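Dropping a structure here in C-alpha coordinates format, bear with me for questions.
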(Lines give C-alpha, C1' and ligand atoms only; values in the text may rest on other atoms or scores of the structure.)
Protein backbone atom coordinates (compact mmCIF):
# COMPACT_ATOMS: atom_id res chain seq x y z
CA UNK A 1 0.00 0.00 0.00
CA UNK A 2 2.77 2.42 0.95
CA UNK A 3 6.02 2.74 -0.99
CA UNK A 4 9.42 2.06 0.53
CA UNK A 5 10.20 5.78 0.35
CA UNK A 6 7.01 6.56 2.28
CA UNK A 7 7.84 3.93 4.88
CA UNK A 8 11.33 5.38 5.19
CA UNK A 9 9.84 8.83 5.84
CA UNK A 10 7.44 7.36 8.41
CA UNK A 11 10.38 5.76 10.22
CA UNK A 12 12.28 9.04 10.10
CA UNK A 13 9.36 10.81 11.73
CA UNK A 14 9.09 8.19 14.48
CA UNK A 15 12.73 8.76 15.41
CA UNK A 16 12.26 12.53 15.53
CA UNK A 17 9.17 12.38 17.68
CA UNK A 18 10.86 9.85 19.95
CA UNK A 19 13.99 11.90 20.42
CA UNK A 20 12.06 15.08 21.09
CA UNK A 21 9.49 13.80 23.54
CA UNK A 22 11.85 11.42 25.36
CA UNK A 23 14.35 14.12 26.20
CA UNK A 24 12.39 17.40 26.25
CA UNK A 25 12.30 18.62 29.83
CA UNK A 26 15.69 17.15 30.79
CA UNK A 27 17.61 19.47 33.12
CA UNK A 28 20.53 20.86 31.11
CA UNK A 29 23.44 23.26 31.63
CA UNK A 30 26.57 23.94 29.56
CA UNK A 31 28.38 21.50 31.89
CA UNK A 32 25.96 18.63 31.19
CA UNK A 33 25.15 19.39 27.55
CA UNK A 34 27.93 17.25 26.06
CA UNK A 35 26.89 14.04 27.82
CA UNK A 36 23.26 14.65 26.91
CA UNK A 37 24.12 15.14 23.23
CA UNK A 38 25.92 11.79 23.14
CA UNK A 39 23.24 9.91 25.07
CA UNK A 40 20.43 11.26 22.89
CA UNK A 41 22.22 10.28 19.70
CA UNK A 42 23.22 6.80 20.89
CA UNK A 43 19.75 6.08 22.35
CA UNK A 44 17.91 6.88 19.13
CA UNK A 45 20.51 5.10 16.98
CA UNK A 46 19.30 1.91 18.69
CA UNK A 47 15.97 2.21 16.89
CA UNK A 48 15.35 0.23 13.68
CA UNK A 49 16.54 1.77 10.38
CA UNK A 50 18.33 4.62 12.18
CA UNK A 51 21.73 4.99 10.49
CA UNK A 52 23.03 8.02 12.40
CA UNK A 53 21.98 10.84 14.69
CA UNK A 54 23.83 13.98 15.68
CA UNK A 55 22.64 16.39 18.34
CA UNK A 56 24.17 19.81 18.97
CA UNK A 57 23.01 21.70 22.05
CA UNK A 58 23.98 25.36 21.77
CA UNK A 59 25.59 26.53 25.00
CA UNK A 60 24.84 30.17 24.28
CA UNK A 61 21.13 29.41 23.97
CA UNK A 62 21.26 27.32 27.15
CA UNK A 63 22.90 30.22 28.98
CA UNK A 64 20.23 32.61 27.71
CA UNK A 65 17.48 30.26 28.88
CA UNK A 66 18.87 29.79 32.41
CA UNK A 67 16.79 31.71 34.90
CA UNK A 68 18.03 33.77 37.80
CA UNK A 69 17.32 31.23 40.54
CA UNK A 70 19.04 28.16 39.14
CA UNK A 71 22.06 27.21 37.08
CA UNK A 72 20.18 25.09 34.58
CA UNK A 73 17.21 25.06 32.28
CA UNK A 74 15.04 22.36 30.68
CA UNK A 75 15.79 21.01 27.23
CA UNK A 76 13.51 22.26 24.46
CA UNK A 77 13.73 22.17 20.70
CA UNK A 78 14.87 25.76 20.55
CA UNK A 79 18.16 24.89 22.28
CA UNK A 80 19.43 22.29 19.83
CA UNK A 81 19.97 21.26 16.23
CA UNK A 82 19.44 17.63 15.29
CA UNK A 83 20.40 15.77 12.11
CA UNK A 84 19.34 12.21 11.46
CA UNK A 85 19.83 9.67 8.67
CA UNK A 86 17.39 6.81 8.17
CA UNK A 87 18.19 3.89 5.91
CA UNK A 88 15.11 1.81 5.15
CA UNK A 89 15.86 -1.02 2.73
CA UNK A 90 18.12 1.19 0.67
CA UNK A 91 16.02 4.36 0.81
CA UNK A 92 18.12 6.98 2.59
CA UNK A 93 16.26 9.81 4.27
CA UNK A 94 18.07 12.81 5.74
CA UNK A 95 16.19 14.96 8.23
CA UNK A 96 17.01 17.84 10.54
CA UNK A 97 15.50 20.04 13.20
CA UNK A 98 16.64 23.61 13.36
CA UNK A 99 15.38 27.05 14.22
CA UNK A 100 13.35 28.73 11.47
CA UNK A 101 11.85 32.15 12.20
CA UNK A 102 12.41 31.62 15.89
CA UNK A 103 10.77 28.20 16.10
CA UNK A 104 12.17 24.68 15.91
CA UNK A 105 11.11 22.92 12.73
CA UNK A 106 11.52 19.23 11.91
CA UNK A 107 11.97 18.72 8.18
CA UNK A 108 12.83 16.21 5.49
CA UNK A 109 16.06 17.26 3.80
CA UNK A 110 16.23 14.54 1.17
CA UNK A 111 14.79 11.18 0.22
CA UNK A 112 17.13 9.11 -1.96
CA UNK A 113 16.25 5.70 -3.31
CA UNK A 114 19.27 3.43 -3.58
CA UNK A 115 20.72 1.57 -6.55
CA UNK A 116 18.97 -1.63 -5.67
CA UNK A 117 15.61 0.08 -6.00
CA UNK A 118 16.47 1.95 -9.16
CA UNK A 119 17.71 -1.23 -10.83
CA UNK A 120 14.75 -3.25 -9.61
CA UNK B 1 12.81 17.44 -2.78
CA UNK B 2 10.29 15.24 -0.96
CA UNK B 3 6.76 14.61 -2.22
CA UNK B 4 3.65 15.62 -0.30
CA UNK B 5 2.94 11.95 0.39
CA UNK B 6 6.43 11.49 1.84
CA UNK B 7 6.00 14.59 3.99
CA UNK B 8 2.64 13.28 5.17
CA UNK B 9 4.29 10.01 6.21
CA UNK B 10 7.08 11.91 8.00
CA UNK B 11 4.45 13.88 9.93
CA UNK B 12 2.63 10.65 10.79
CA UNK B 13 5.81 9.18 12.20
CA UNK B 14 6.50 12.28 14.31
CA UNK B 15 3.09 11.96 15.94
CA UNK B 16 3.62 8.28 16.73
CA UNK B 17 7.04 8.79 18.23
CA UNK B 18 5.71 11.75 20.22
CA UNK B 19 2.76 9.88 21.62
CA UNK B 20 4.82 6.87 22.55
CA UNK B 21 7.75 8.56 24.22
CA UNK B 22 5.71 11.29 25.91
CA UNK B 23 3.43 8.84 27.67
CA UNK B 24 5.42 5.59 28.05
CA UNK B 25 6.15 5.10 31.73
CA UNK B 26 2.96 6.80 32.95
CA UNK B 27 1.50 4.99 35.98
CA UNK B 28 -1.71 3.29 34.81
CA UNK B 29 -4.43 1.08 36.28
CA UNK B 30 -7.85 0.07 34.94
CA UNK B 31 -9.28 2.96 37.02
CA UNK B 32 -7.07 5.59 35.37
CA UNK B 33 -6.89 4.12 31.87
CA UNK B 34 -9.92 5.98 30.49
CA UNK B 35 -8.63 9.44 31.37
CA UNK B 36 -5.20 8.62 30.00
CA UNK B 37 -6.67 7.44 26.69
CA UNK B 38 -8.52 10.73 26.26
CA UNK B 39 -5.59 12.89 27.31
CA UNK B 40 -3.16 11.10 24.97
CA UNK B 41 -5.50 11.48 22.00
CA UNK B 42 -6.33 15.13 22.65
CA UNK B 43 -2.69 16.06 23.33
CA UNK B 44 -1.41 14.62 20.06
CA UNK B 45 -4.37 16.00 18.07
CA UNK B 46 -2.95 19.44 18.89
CA UNK B 47 0.02 18.74 16.65
CA UNK B 48 0.05 20.04 13.08
CA UNK B 49 -1.65 17.92 10.39
CA UNK B 50 -3.07 15.50 12.97
CA UNK B 51 -6.69 14.86 12.01
CA UNK B 52 -7.60 12.30 14.66
CA UNK B 53 -6.12 9.96 17.24
CA UNK B 54 -7.72 7.09 19.13
CA UNK B 55 -6.05 5.22 21.96
CA UNK B 56 -7.38 2.03 23.50
CA UNK B 57 -5.67 0.76 26.64
CA UNK B 58 -6.61 -2.88 27.26
CA UNK B 59 -7.63 -3.37 30.88
CA UNK B 60 -6.94 -7.09 30.78
CA UNK B 61 -3.37 -6.47 29.69
CA UNK B 62 -2.98 -3.80 32.37
CA UNK B 63 -4.24 -6.26 34.99
CA UNK B 64 -1.79 -8.89 33.76
CA UNK B 65 1.09 -6.41 33.97
CA UNK B 66 0.32 -5.23 37.51
CA UNK B 67 2.82 -6.65 39.94
CA UNK B 68 2.14 -8.08 43.34
CA UNK B 69 3.26 -5.09 45.37
CA UNK B 70 1.28 -2.32 43.72
CA UNK B 71 -2.07 -1.73 42.06
CA UNK B 72 -0.69 -0.16 38.92
CA UNK B 73 1.86 -0.65 36.19
CA UNK B 74 3.67 1.65 33.74
CA UNK B 75 2.32 2.31 30.28
CA UNK B 76 4.11 0.51 27.45
CA UNK B 77 3.24 -0.12 23.85
CA UNK B 78 2.15 -3.66 24.60
CA UNK B 79 -0.82 -2.41 26.66
CA UNK B 80 -2.52 -0.32 23.99
CA UNK B 81 -3.69 0.00 20.41
CA UNK B 82 -3.39 3.37 18.69
CA UNK B 83 -4.91 4.59 15.43
CA UNK B 84 -4.04 7.93 13.91
CA UNK B 85 -5.04 9.90 10.83
CA UNK B 86 -2.77 12.57 9.37
CA UNK B 87 -4.01 15.00 6.76
CA UNK B 88 -1.14 16.85 5.09
CA UNK B 89 -2.32 19.16 2.34
CA UNK B 90 -4.88 16.64 1.16
CA UNK B 91 -2.75 13.52 1.56
CA UNK B 92 -4.47 11.33 4.13
CA UNK B 93 -2.29 8.84 6.00
CA UNK B 94 -3.76 6.22 8.31
CA UNK B 95 -1.45 4.57 10.80
CA UNK B 96 -1.81 2.20 13.72
CA UNK B 97 0.16 0.54 16.47
CA UNK B 98 -0.85 -2.92 17.52
CA UNK B 99 0.59 -6.14 18.80
CA UNK B 100 2.16 -8.35 16.12
CA UNK B 101 3.83 -11.59 17.23
CA UNK B 102 3.89 -10.34 20.79
CA UNK B 103 5.50 -6.97 20.04
CA UNK B 104 4.00 -3.54 19.41
CA UNK B 105 4.47 -2.46 15.81
CA UNK B 106 3.86 1.01 14.36
CA UNK B 107 2.76 0.80 10.75
CA UNK B 108 1.41 2.74 7.81
CA UNK B 109 -2.06 1.43 6.94
CA UNK B 110 -2.74 3.61 3.89
CA UNK B 111 -1.53 6.69 2.08
CA UNK B 112 -4.23 8.34 -0.03
CA UNK B 113 -3.67 11.42 -2.12
CA UNK B 114 -6.75 13.63 -2.30
CA UNK B 115 -8.71 14.92 -5.30
CA UNK B 116 -7.09 18.32 -5.10
CA UNK B 117 -3.71 16.77 -5.77
CA UNK B 118 -4.89 14.41 -8.46
CA UNK B 119 -6.62 17.23 -10.29
CA UNK B 120 -3.66 19.59 -9.85
CA UNK C 1 17.26 5.35 60.20
CA UNK C 2 14.74 7.82 58.77
CA UNK C 3 11.54 8.85 60.58
CA UNK C 4 8.08 8.21 59.19
CA UNK C 5 7.68 11.94 58.58
CA UNK C 6 10.92 12.00 56.59
CA UNK C 7 9.79 8.99 54.56
CA UNK C 8 6.48 10.69 53.93
CA UNK C 9 8.29 13.75 52.58
CA UNK C 10 10.51 11.56 50.40
CA UNK C 11 7.40 9.92 48.94
CA UNK C 12 5.84 13.33 48.35
CA UNK C 13 8.89 14.43 46.44
CA UNK C 14 8.88 11.30 44.28
CA UNK C 15 5.31 12.03 43.19
CA UNK C 16 6.13 15.62 42.32
CA UNK C 17 9.18 14.73 40.29
CA UNK C 18 7.23 11.96 38.56
CA UNK C 19 4.31 14.18 37.65
CA UNK C 20 6.52 16.95 36.36
CA UNK C 21 8.93 14.93 34.25
CA UNK C 22 6.36 12.47 32.94
CA UNK C 23 4.13 15.18 31.54
CA UNK C 24 6.40 18.19 30.84
CA UNK C 25 6.56 18.62 27.09
CA UNK C 26 3.04 17.32 26.41
CA UNK C 27 1.33 19.30 23.63
CA UNK C 28 -1.42 21.36 25.29
CA UNK C 29 -4.08 23.87 24.26
CA UNK C 30 -7.10 25.26 26.12
CA UNK C 31 -9.17 22.57 24.33
CA UNK C 32 -7.05 19.69 25.62
CA UNK C 33 -6.13 21.09 29.03
CA UNK C 34 -9.09 19.59 30.89
CA UNK C 35 -8.39 16.00 29.86
CA UNK C 36 -4.70 16.41 30.64
CA UNK C 37 -5.47 17.74 34.14
CA UNK C 38 -7.59 14.67 34.90
CA UNK C 39 -5.14 12.19 33.41
CA UNK C 40 -2.17 13.66 35.30
CA UNK C 41 -4.02 13.54 38.62
CA UNK C 42 -5.36 10.02 38.14
CA UNK C 43 -2.02 8.67 36.91
CA UNK C 44 -0.06 9.93 39.90
CA UNK C 45 -2.81 8.88 42.35
CA UNK C 46 -1.94 5.32 41.35
CA UNK C 47 1.42 5.65 43.08
CA UNK C 48 1.87 4.32 46.62
CA UNK C 49 0.88 6.61 49.51
CA UNK C 50 -0.63 9.19 47.17
CA UNK C 51 -3.97 10.23 48.70
CA UNK C 52 -4.99 12.91 46.20
CA UNK C 53 -3.66 15.08 43.39
CA UNK C 54 -5.22 18.13 41.76
CA UNK C 55 -3.81 19.81 38.68
CA UNK C 56 -5.01 23.16 37.35
CA UNK C 57 -3.71 24.25 33.95
CA UNK C 58 -4.31 27.97 33.47
CA UNK C 59 -5.84 28.59 30.06
CA UNK C 60 -4.73 32.22 30.01
CA UNK C 61 -1.12 31.18 30.51
CA UNK C 62 -1.47 28.50 27.82
CA UNK C 63 -2.85 31.13 25.43
CA UNK C 64 0.06 33.45 26.21
CA UNK C 65 2.56 30.65 25.57
CA UNK C 66 1.10 29.61 22.21
CA UNK C 67 3.31 30.78 19.40
CA UNK C 68 2.25 32.31 16.13
CA UNK C 69 2.69 29.22 13.99
CA UNK C 70 0.70 26.67 15.96
CA UNK C 71 -2.39 26.45 18.14
CA UNK C 72 -0.69 24.70 21.03
CA UNK C 73 2.30 24.86 23.30
CA UNK C 74 4.20 22.35 25.46
CA UNK C 75 3.36 21.81 29.11
CA UNK C 76 5.77 23.37 31.59
CA UNK C 77 5.58 24.09 35.27
CA UNK C 78 4.79 27.72 34.66
CA UNK C 79 1.42 26.84 33.12
CA UNK C 80 -0.05 24.94 36.05
CA UNK C 81 -0.67 24.73 39.78
CA UNK C 82 -0.49 21.33 41.44
CA UNK C 83 -1.60 20.26 44.92
CA UNK C 84 -0.89 16.83 46.31
CA UNK C 85 -1.59 14.98 49.55
CA UNK C 86 0.56 12.05 50.65
CA UNK C 87 -0.50 9.75 53.46
CA UNK C 88 2.36 7.57 54.65
CA UNK C 89 1.37 5.40 57.58
CA UNK C 90 -0.66 8.19 59.13
CA UNK C 91 1.74 11.04 58.36
CA UNK C 92 -0.12 13.43 56.07
CA UNK C 93 2.01 15.67 53.85
CA UNK C 94 0.49 18.46 51.79
CA UNK C 95 2.54 19.86 48.92
CA UNK C 96 2.00 22.27 46.09
CA UNK C 97 3.68 23.72 43.05
CA UNK C 98 2.90 27.27 42.13
CA UNK C 99 4.47 30.33 40.59
CA UNK C 100 6.69 32.31 42.96
CA UNK C 101 8.52 35.36 41.56
CA UNK C 102 7.87 34.14 38.06
CA UNK C 103 9.17 30.61 38.57
CA UNK C 104 7.43 27.35 39.47
CA UNK C 105 8.34 26.20 42.97
CA UNK C 106 7.58 22.80 44.52
CA UNK C 107 7.12 23.12 48.26
CA UNK C 108 6.03 21.32 51.40
CA UNK C 109 2.93 23.01 52.80
CA UNK C 110 2.51 20.92 55.94
CA UNK C 111 3.63 17.70 57.58
CA UNK C 112 1.13 16.36 60.09
CA UNK C 113 1.63 13.22 62.12
CA UNK C 114 -1.62 11.39 62.76
CA UNK C 115 -3.32 10.44 66.05
CA UNK C 116 -1.92 6.95 65.94
CA UNK C 117 1.59 8.35 66.05
CA UNK C 118 0.87 11.00 68.64
CA UNK C 119 -0.69 8.42 70.94
CA UNK C 120 2.07 5.94 70.31
CA UNK D 1 6.24 24.18 59.27
CA UNK D 2 8.52 21.44 57.94
CA UNK D 3 11.98 20.73 59.35
CA UNK D 4 15.15 21.02 57.28
CA UNK D 5 15.50 17.25 57.38
CA UNK D 6 11.97 16.85 56.02
CA UNK D 7 12.67 19.37 53.28
CA UNK D 8 15.87 17.53 52.41
CA UNK D 9 13.91 14.28 52.05
CA UNK D 10 11.31 16.04 49.89
CA UNK D 11 14.09 17.31 47.62
CA UNK D 12 15.59 13.82 47.45
CA UNK D 13 12.27 12.41 46.34
CA UNK D 14 11.86 15.06 43.65
CA UNK D 15 15.21 14.09 42.14
CA UNK D 16 14.31 10.39 42.12
CA UNK D 17 10.93 10.91 40.51
CA UNK D 18 12.53 13.26 37.98
CA UNK D 19 15.28 10.85 37.02
CA UNK D 20 12.93 7.94 36.71
CA UNK D 21 10.16 9.53 34.68
CA UNK D 22 12.43 11.64 32.50
CA UNK D 23 14.44 8.67 31.28
CA UNK D 24 12.15 5.63 31.58
CA UNK D 25 11.33 4.47 28.07
CA UNK D 26 14.66 5.55 26.56
CA UNK D 27 15.91 3.04 23.98
CA UNK D 28 18.94 1.31 25.49
CA UNK D 29 21.42 -1.42 24.55
CA UNK D 30 24.73 -2.46 26.09
CA UNK D 31 26.41 -0.23 23.48
CA UNK D 32 24.50 2.90 24.54
CA UNK D 33 24.19 2.21 28.25
CA UNK D 34 27.42 3.99 29.26
CA UNK D 35 26.49 7.32 27.67
CA UNK D 36 22.99 7.13 29.16
CA UNK D 37 24.37 6.51 32.65
CA UNK D 38 26.54 9.62 32.43
CA UNK D 39 23.82 11.81 30.93
CA UNK D 40 21.26 10.78 33.54
CA UNK D 41 23.64 11.52 36.39
CA UNK D 42 24.82 14.87 35.02
CA UNK D 43 21.29 15.99 34.14
CA UNK D 44 19.90 15.39 37.61
CA UNK D 45 23.00 16.84 39.29
CA UNK D 46 21.92 20.16 37.77
CA UNK D 47 18.91 20.24 40.09
CA UNK D 48 19.04 22.25 43.33
CA UNK D 49 20.56 20.56 46.41
CA UNK D 50 21.70 17.54 44.37
CA UNK D 51 25.25 16.77 45.50
CA UNK D 52 25.89 13.63 43.44
CA UNK D 53 24.17 10.96 41.37
CA UNK D 54 25.45 7.63 40.12
CA UNK D 55 23.58 5.39 37.73
CA UNK D 56 24.56 1.82 36.89
CA UNK D 57 22.73 0.11 34.06
CA UNK D 58 23.30 -3.65 34.21
CA UNK D 59 24.22 -4.95 30.78
CA UNK D 60 23.18 -8.49 31.64
CA UNK D 61 19.69 -7.32 32.53
CA UNK D 62 19.54 -5.22 29.35
CA UNK D 63 20.52 -8.29 27.32
CA UNK D 64 17.83 -10.36 29.02
CA UNK D 65 15.20 -7.70 28.28
CA UNK D 66 16.05 -7.35 24.58
CA UNK D 67 13.40 -8.98 22.44
CA UNK D 68 13.92 -11.14 19.41
CA UNK D 69 13.10 -8.53 16.80
CA UNK D 70 15.33 -5.67 17.88
CA UNK D 71 18.73 -5.11 19.42
CA UNK D 72 17.54 -2.80 22.17
CA UNK D 73 14.98 -2.46 24.92
CA UNK D 74 13.44 0.45 26.83
CA UNK D 75 14.90 1.67 30.10
CA UNK D 76 12.96 0.68 33.21
CA UNK D 77 13.79 0.71 36.89
CA UNK D 78 14.52 -3.01 36.88
CA UNK D 79 17.57 -2.49 34.64
CA UNK D 80 19.49 -0.08 36.84
CA UNK D 81 20.73 0.85 40.30
CA UNK D 82 20.78 4.51 41.26
CA UNK D 83 22.45 6.22 44.22
CA UNK D 84 21.93 9.87 45.00
CA UNK D 85 23.14 12.32 47.65
CA UNK D 86 21.16 15.44 48.50
CA UNK D 87 22.65 18.24 50.59
CA UNK D 88 19.99 20.64 51.80
CA UNK D 89 21.44 23.35 54.02
CA UNK D 90 23.73 20.88 55.73
CA UNK D 91 21.30 17.98 55.96
CA UNK D 92 22.78 15.16 53.91
CA UNK D 93 20.35 12.57 52.57
CA UNK D 94 21.53 9.39 50.86
CA UNK D 95 19.05 7.48 48.72
CA UNK D 96 19.15 4.55 46.37
CA UNK D 97 17.00 2.57 43.99
CA UNK D 98 17.66 -1.11 43.67
CA UNK D 99 15.89 -4.39 43.06
CA UNK D 100 14.14 -5.84 46.11
CA UNK D 101 12.15 -9.04 45.68
CA UNK D 102 12.15 -8.55 41.94
CA UNK D 103 10.91 -4.96 41.97
CA UNK D 104 12.76 -1.63 41.90
CA UNK D 105 12.43 0.21 45.20
CA UNK D 106 13.39 3.83 45.90
CA UNK D 107 14.49 4.24 49.49
CA UNK D 108 16.05 6.61 51.99
CA UNK D 109 19.37 5.17 53.14
CA UNK D 110 20.29 7.84 55.69
CA UNK D 111 19.42 11.35 56.82
CA UNK D 112 22.29 13.12 58.57
CA UNK D 113 22.05 16.60 59.97
CA UNK D 114 25.33 18.51 59.71
CA UNK D 115 27.47 20.25 62.31
CA UNK D 116 26.09 23.67 61.50
CA UNK D 117 22.62 22.53 62.50
CA UNK D 118 23.72 20.70 65.60
CA UNK D 119 25.68 23.72 66.79
CA UNK D 120 22.87 26.12 65.90
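Order as written gives the chain letters A, B, C and D; numbering starts at 1 within each chain.
The rule is short, and it goes like this: contacts are C-beta pairs under 8 Å (C-beta built on N, C-alpha and C of every residue); 3 or more make two chains touch, one makes a residue touch a chain.
Keep in mind it's a predicted model, so treat the numbers as computed, not measured.
Visitor: Between A-C and C-D, which chain pair is linked by more C-beta pairs in contact?
Guide: Result of the comparison of A-C and C-D: C-D.
Visitor: Relative to chain A, which chain has the most distant C-alpha mean position?
Guide: Result for the farthest chain: C.
Visitor: What's the distance between the Cα centroids of chain C and chain D, rounded to whole Å?
Guide: About 20 Å separates the centre of chain C from that of chain D.
Visitor: What is the distance, in whole Å, between the centres of chain B and chain C, each centre taken as the mean of its C-alpha atoms?
Guide: 26
Visitor: Which whole number of Å gives the spacing of the CA centres of chain A and chain C?
Guide: The separation of the two C-alpha centroids amounts to 30 Å.
Visitor: Could you list which residues of chain B touch at least two other chains?
Guide: If we look for residues of chain B contacting two or more partner chains, we find 18, 20-22, 25.
Visitor: Using the touch definition up top, name the residues of chain B that touch chain C in the complex.
Guide: 18, 22-23, 25-29, 31-32, 35-36, 38-40, 42-48, 70-72
Visitor: Mind listing the chain D positions that touch chain C in their complex?
Guide: 1-3, 5-7, 9-22, 95, 106, 108-111
Visitor: Please name which positions on chain C make contact with chain A in the complex.
Guide: Residues of chain C touching chain A: 20-21, 24-25, 67, 69, 74, 76, 101-103.
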